[in-house]
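Note that the chains are named A, B, C and D in the order they appear, and that numbering of residues resets to 1 at the start of each chain.
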Amino acid sequence: MCRWLAYTGNPIQLETVVFRAKHSLIDQSLHSRMGATTTNGDGFGIGWYGQPHEAPFLYRSVSPAWHDRNLREAARAIRSPLFIAHIRAATETPVQETNCHPFRHNRWLFAHNGLIRDFHALRRDLMLSIDPALFGAIEGSTDSEVMFYLALTYGLEQQPVAALERMAGRIEQIAAGHGVENPLNMTVCATDGEQVVAVRYSSEHQSRTLFHSTSFKHLHELYPHDPRISAVGEDAFLVLSEPLVDLHDAWEAIPESTAVVARRGSITQQAFAPRVRS
Amino acid sequence: MCRWLAYTGNPIQLETVVFRAKHSLIDQSLHSRMGATTTNGDGFGIGWYGQPHEAPFLYRSVSPAWHDRNLREAARAIRSPLFIAHIRAATETPVQETNCHPFRHNRWLFAHNGLIRDFHALRRDLMLSIDPALFGAIEGSTDSEVMFYLALTYGLEQQPVAALERMAGRIEQIAAGHGVENPLNMTVCATDGEQVVAVRYSSEHQSRTLFHSTSFKHLHELYPHDPRISAVGEDAFLVLSEPLVDLHDAWEAIPESTAVVARRGSITQQAFAPRVRS
Amino acid sequence: MCRWLAYTGNPIQLETVVFRAKHSLIDQSLHSRMGATTTNGDGFGIGWYGQPHEAPFLYRSVSPAWHDRNLREAARAIRSPLFIAHIRAATETPVQETNCHPFRHNRWLFAHNGLIRDFHALRRDLMLSIDPALFGAIEGSTDSEVMFYLALTYGLEQQPVAALERMAGRIEQIAAGHGVENPLNMTVCATDGEQVVAVRYSSEHQSRTLFHSTSFKHLHELYPHDPRISAVGEDAFLVLSEPLVDLHDAWEAIPESTAVVARRGSITQQAFAPRVRS
Amino acid sequence: MCRWLAYTGNPIQLETVVFRAKHSLIDQSLHSRMGATTTNGDGFGIGWYGQPHEAPFLYRSVSPAWHDRNLREAARAIRSPLFIAHIRAATETPVQETNCHPFRHNRWLFAHNGLIRDFHALRRDLMLSIDPALFGAIEGSTDSEVMFYLALTYGLEQQPVAALERMAGRIEQIAAGHGVENPLNMTVCATDGEQVVAVRYSSEHQSRTLFHSTSFKHLHELYPHDPRISAVGEDAFLVLSEPLVDLHDAWEAIPESTAVVARRGSITQQAFAPRVRS
């Protein structure tokens, strides 16, 4: 359905990874190699952090990313130490800015690739599980935004991985009540500007692809003359739906049912298991 | 907030009333004289009926009506015996097609001018009152669409005026529970292609303006040489937020707390009173 | 590059060929099989004729055709005896409505797939060749629109095939002066609502594909139970970039350097050769 | 027609003057007090300079400025020492990004309020006066963009005021040949990131309004507690169509037929007279 990438590290121009790489996100919008759909032309979004005290910024548009001139300008103008970029292939919900990722709540950004099966049938029960105090903030009509507000309801801002596990558990619980099998398929990214949390999970354990960068220090040694690599610092970290360049040793697949947390150069990986709040 | 008009009568080109009149809907989009806001530039929509057996058609866009070239073409291309046109001035909700009026469900169209006060606070309870079977069809985020689905829940397709009264009653009931005073202000139009139902109502009895055309037969006699009038048949009927032309005798204000029903040349008017379903 | 189709025959709903066919134009917008690019997501347009006395109508948009809801409505609402539909893959010029096909002048519509090589270098000289009385009407920045106005300058409204030959000749002449080889590659369609003129030509004789329908009478006999065929009358005629369905006998390739003219059931085919006006 | 402002001084967030002032540019887009039209809802643009070595950036959109969420984000995200913001009220030319101001060529930005009378009739001759090497870069269809390319043709990058005088002279010369009286009405702004050049001129000497800020040092003393003023440094300079706030002493009208040049805190003012290149 969609493609996304998240970057944390030294501040770089967004275009370094959004436009300039050989198999950049823009290239993926026209012909993805690993996605369930080859064209991701139903809008896009970027979310980024600027000064430490500032709330994150959003630029979202319903244009296909490949022909949006403002995106090209923005990707050149913006330097950021942490950002998410997302290109959308709509399933059934309308193409409108409020359905474009990333979604934002206070300091948190959230992006998703995948789907909730039979979302239309489950939507009401899912929305009822959202904290009433958050309900009024829902602006769009996607399963992804509902997932974000469920995660916020279950404590995303305090314990992000546990909250995502409760979100997944709640979705599967509601789906079971409606007789929907294998309801959840997701790679998601959530960040507060400090940590990047990425999860690969699906009910049927056949999740969409998700990769992370390996050590850029190691890559600098391996490929000392590659300008695509030299702009990026040694502590940088990328999580993304598809590799950007075909460099051996540059990417590593994230296993099924796994959460990765990147925080100031430290990367931790843990098993991800949906849980039902008791 | 918004401006709308509904027409039923002999098939006419939409441009007759949307573009050509002296104080046409397009003119109102740039400088309304009676609206709460002077500029209605946050999208527009037209909904129209074609052949008797066909579901109604929609053209909705986020562009300001005054500069949308496709609207100009459509208004010239489309001839219809019954249509609604609406121009939007957004209050707090996003400018997106799914928030543009009219809304459609099966054969029904619905348009609204006004607001539900403190909608963000009431939204969850209002949405919970919608028939779960209809819930999945909600696409936008406006108070107006929620009003439509509430009316459908309360029987709009069977007894439209009574359903709108129950809708209003339910909104006021929920608002009372949240301590919101004078929650509802509306002029609304609902139609199934056979009848046009228009209501002017507000909790504080200070509703936005609403007018209907007087007898076109009478007007043909009074103004035999006015081409703006001669295109429209004797049985035609218009309901609208603001008069289109400054012809004496052409328009009559609809009183507060009143419902008007037009069906094949017969016009009936009745008191409108919110009711709470018991 | 682009994809287009033109229909003339009994009035049909546009959706019959734009949406419903197995390999419809919408399907081609996501993954063309024969185009120079697989994705045609940089806007679209439809132009159609209504009543005999009316000028043709346009609906053009920068959205990808596959997710434009208004197009879906329009294709259902519009019945027409003659129309053009076009989906765009922009080469270098901006994605904007004025660059979407078809272009219109008085009763004529014009659509193009292909390109003028080194258009930026040739543009000024090409525009200088346009009749000064037409110059002010140019709204966009594509090579295609310049081709249309050149054809109008050379008599499109009187002798369409000859005018298109002069247009091609002039383009090749100007290109030669700039040292540009093989400047022109085109399939074009021009119509005044009476006749449909389609040309397949390129300077290097390696033109993009172009097909026309064979006899629908024959097809009705061959496939009596195929609903995709039965809606279309026996005299109907389609010209198009790619076949809509994989029916044997339904389509015939138009040869290189050929013009086809369809007028009230009569189809003529002739050699096409650029000519320089002396 | 349009409204614009240009800022040079200490780096500030764009929102300081675009959104936050009492009579901000956004407010002017909904109801201008001094413009020829009250609504400026036909697109907008911002152009800004970042690091000294970088080419300027553009964000242009056809949305009305007042409801564009991305503009609100951008105005918060961007800090710049020199920028132009423009809101458009289209006269006859299409609403599309390539017709939105500012226009850009290399390091130069250009914005305009006003019009060339009978532009459609003069357009061809005006375009022929543009340097053929620049011709291919014209993307839109406005008189304003043609003015920019004429100014570039006449040396804007070397001697900006003289080039603008030659541009004005050439327009009046061509108009005279076509019998068009009082052809030019303009306030324009041109900048290369170092200097801001602003001109108020019209053939009939009844130009649209143009103001500049007076000394911010003086204003800091006069209004020490006004946060709208304290964010802006003492050397800052604003040129703009309408005052942003109703502070006495804050704004000064630029006289008819005058050019103002601001460069690193030094402001010079000189008479502006069209000249015909001999």
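Keep this in mind: a residue touches a chain if its C-beta (ideal position, glycine included) is under 8 Å from a C-beta of that chain, and two chains touch if they have at least 3 such contacts.
Just so we're clear, the structure is a prediction, and the values are computed from it rather than from any experiment.
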(Q) By that same contact rule, can you tell me which chains touch chain B and chain C alike? (A) A, D
Q: Using the touch definition from the top, list the chains contacting both chain A and chain D.
A: B, C
Q | Distance between chain centroids, defined by C-alpha means - chain A, chain B (Å) | A | 40
(Q) At least two partner chains per residue is the criterion; list those residues in chain C. (A) 69, 94, 97
Q | chain B partner contacts - residues on chain D that touch it in the complex | A | 30-31, 38-39, 41-42, 62-64, 66-67, 69, 90, 94-95
Q: Would you tell me which residues of chain B are touching chain C in their complex?
A: 48, 50, 57-61, 69-70, 73-74, 76-78, 97
Q. Which residues, counting only chain C, touch chain D once they are in their complex?
A. 93-94, 96-98, 120-121, 123-124, 127-128, 132, 135-141
